[in-house]
Amino acid sequence: MATQSPKMNIKDLKLWYGDFQALHGLDLEIPEKQITAFIGPSGCGKSTFIKSLNRMNDLIETCRIEGTIELDGKNIYSNKMDVNKLRKRVGMVFQQPNPFPKSIYDNIAYGPRTHGIKDKKTLDEIVERSLKQAAIWDEVKDHLDRNALSISGGQQQRICIARALAVEPEVLLMDEPTSALDPISTAKIEELVSDLKNEYTIVMVTHNMQQASRVSDKTAFFLNGHIIETGDTRKIFTNPDQEETENYISGRFG
Amino acid sequence: MSAKIIRGLVYLAAAITFGMLGYVIFYILVNGVLYLTPDLFSWDYNSENVSMMPAIVTTLFVVGGTLLITTPIGVFTGFYLVEYANRKNPMIKAISMATDTLAAVPSIVYGLFGFLFFVTFLSFGLSLIAGVLTSVIMSLPLIIRATEEALVSTGRPIREASYALGAGKLRTIFTVVLPVAMPGILSGVILATGRVIGETAALLYTLGSASNIPVNLFSSGRTLSLHMYVLSNEGFHVDQANATAVVLLLFVLVLNGLSTLVSSRLSKGGK
Amino acid sequence: MKNTKEAAMKGVFFLSACFSIIALLLIILFIFANGVPFIAEYGFFDFIFGMDWAPTNNVPLYGIFPMIIGSIYVTLGAAIVGVPIGILTAVFMAEFCPPILYKVLKPATNLMAAIPSIVYGFFALRVFTPFIRENIGGNGYSVLTASVLLGIMILPTVIGLSESALRAIPKTYYTGSVALGATHERSVFRVLLPAAKSGIFSSVILGIGRAIGETMAVVLIAGNQAIIPDNLLSGVRTLTTNIVIEMAYATGQHREALIATAVVLFGFILLINSIFLYFKNKEAS
């Protein structure tokens, strides 16, 4: 096992929406520069969980949280944590591509501008680098001024990935990034994600078992707001310890 | 009832509605256009030429002044209602109720209030500022409602995208949400403009009806609608009143065209 | 630095939001503080049910019953004229209008709403008044004239809201009816119209609110006699016109009586508005 300390460390995380408890005391370590996949049936809490890693759940009024989530050993829910700086360090890509109704260039430049970069030349470099990292530079380099909503869904999602990368996050959260896309776009994004892990810590929620087994290093299986089992992806998919995990993976679960 | 009779009634009703609208416009144009003489547009009003030029300028002052105040207040209220406040907050309910009630208050009550508060209590007298402030309160619900609807319809995803990049609330509102909501807000502003241009009852006892261009915030004036009211009420200058109506209609037509343009952009932008 | 800016702007937004509440409170305060004491002093019953409005008498009389009845008459008249035409036109817009024509007629209804009331009033003064005088009788300044004019003026309100209520009904209602062999007309009138009734009803209420609050168009054509009209061709004065006609020269108690008239008008509007909100909420749920 790796002796290196985990990039993110979640301890006894409990989460409520109003009176409904969605997460029941989760513990998990997210290793650096690896891909961790969350799997489990709909409503098991995996999306809720990933959204608490960059405090997107703060936007939901009724949401209440107990426990700690540490990023490099610092609790992200402590009062000293600046949420905006946290979200710069922990980026996110959503299920539905959600580009701003602005030009491709302005979409990518939005994050860096938010964090104070104004110099045109620096921005140009960031835009080009991010689009290259997201493997979409060649497709859009000649029309960066086009509205990002005018390109295809698969391209939009890669624009969103590029946009997330442009603020140079340390962790990239991906909430079912391919479930709204066609198979060809899905393949492109999977390939891209595998390349990105050399530089980024990636956390990915997926419904797609094949996807989880193809791209991830670690897998956590969620059920009814609990983490049932975590471990190396190969082990989870070939020889899980828990019966529920095996039932789900072999398709007997919903 | 047979289908034919029902269909006949429906067509008849539509014919009456649009026939009447057509007749109003036709009547005003036919009886007014000929009297649009250069005299009516001379800079100085006197009881001979009954020029509407000062009234046109005053209308622009009142509309401009009103929008300058009511737009930020209305838009900011929309921001607060949609982006900040908890939906269960009693404050929200109070603001919504106040907005609904303000929208239902008749012009003459606004006029009376403006007269009691701005003209008398604050001793502004019949003045540009009293007229503008009365119009501000009157047009506020239109802007608030338009902003609220426009903000709500922008949806959650683009906000999430912005927050996830580490942008704060202000930056998200002003650089991401506002541009998307702009056409909706704009159509509220156009609606408010139309309301102020067409207003008479609320302005008669606040702005007053002085016939010259107001020289400062505390001098009285009359908007085009007020001018037309005075002319039709006196009954000596019916043709000139009619010509004034042509110009008013022109204003309204332009505004309506703008609003149609904006709302067609709105539906395109949503796709 | 950034956080103080966020907090400061939140404060600005909050203050803006308070503005409408403050404005409404000020309106209520100034109208009621000036009007209610007068009503108390003059006597609620004498004021509301007094038959004579004679502010210039040696012993001035401030009975607004004729104006209350006047407002009710012209508003009812407006509803009788405007509601059936408005609802049927809304049905036309939602269910019978060819798309090409709709592109012209929809902006036309918006235009109808945007034409200033003074223009409508002037039009009625020049067209309806002589028409009624010459063909029906009276001097043309009458309950009838005001009712027809207000009926036209509430059309865009009734049409707009009724049309959206009709459009909000799920298409399946209609297709279900047509699939049973019902004609288009029958499906629209027996299925869609009843399903949209709260929305249509709230459009009528809002139209009534518009009619009762209208001032400048009515003042030109209603005759403005402070008497209870005994027929359709008799002149009439409403609550709104009572205020606008006499405010110019009223002083002292007379002015207070006019403000008290506004209190009564306000009461009517609040009543109508709560009925409207009741039906709007019913439609939403």
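As written, the chain order gives the labels A, B and C, with residue 1 at the start of each chain.
In the analysis below, contacts are C-beta pairs under 8 Å (C-beta built on N, C-alpha and C of every residue); 3 or more make two chains touch, one makes a residue touch a chain.
Please read these numbers as outputs of a predicted model, since none were measured by experiment.
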With one step meaning two chains touch, work out the least steps from subunit A to subunit C.
2
Work out the mean Cα position per chain and let me know which chain is farthest from subunit C.
A
What chain pair shows the greatest number of contacts?
B-C
Compute per-chain Cα centres, compare each with the mean of all protein Cα atoms, and return the closest chain.
B
I'd like to verify one number: the distance from the centre of subunit A to the centre of subunit C, where each centre is the average of its C-alpha atoms, in whole angstrom.
55
Which integer distance in Å separates the CA centroid of subunit A from that of subunit B?
47
Subunit B and subunit C have mean C-alpha positions lying a whole-number Å distance apart equal to 17
Send over the residues of subunit B in touch with two or more other chains.
168
Among the residues of subunit C, pick out those that touch two or more other chains and give their numbers.
2
The positions of subunit A in contact with two or more other chains are 84
What residues of subunit C sit close enough to touch subunit B in their complex?
2, 5-6, 9-10, 12-14, 16-21, 23-24, 26-27, 30-31, 34, 84-89, 91-93, 96-97, 105, 107-112, 114-123, 125-127, 152, 155, 159, 183-186, 189, 209, 212-216, 219-220, 240, 243-244, 247-248, 258-259, 262, 265-266, 269-270, 272-273, 276-277
Quick one: in the complex, what on subunit B touches subunit A?
86-87, 157-168, 171, 175-176, 179-180, 269
Give every residue of subunit B touching subunit C within the complex, in rising order.
3, 6-7, 9-14, 16-18, 20-21, 23-24, 27-28, 31, 72-74, 76-77, 79-81, 83-85, 91, 94-95, 98-102, 104-113, 115-117, 121, 137, 140-141, 144, 168-170, 194, 197-201, 204-205, 225, 228-229, 232-233, 238, 241-242, 245, 248-249, 252-253, 255-257, 259-260
Give the list of subunit A residues in touch with subunit B in this complex.
54, 56, 59, 61, 84-88, 91-92, 94, 96, 98-102, 110-111, 114-115, 160, 163-164, 167
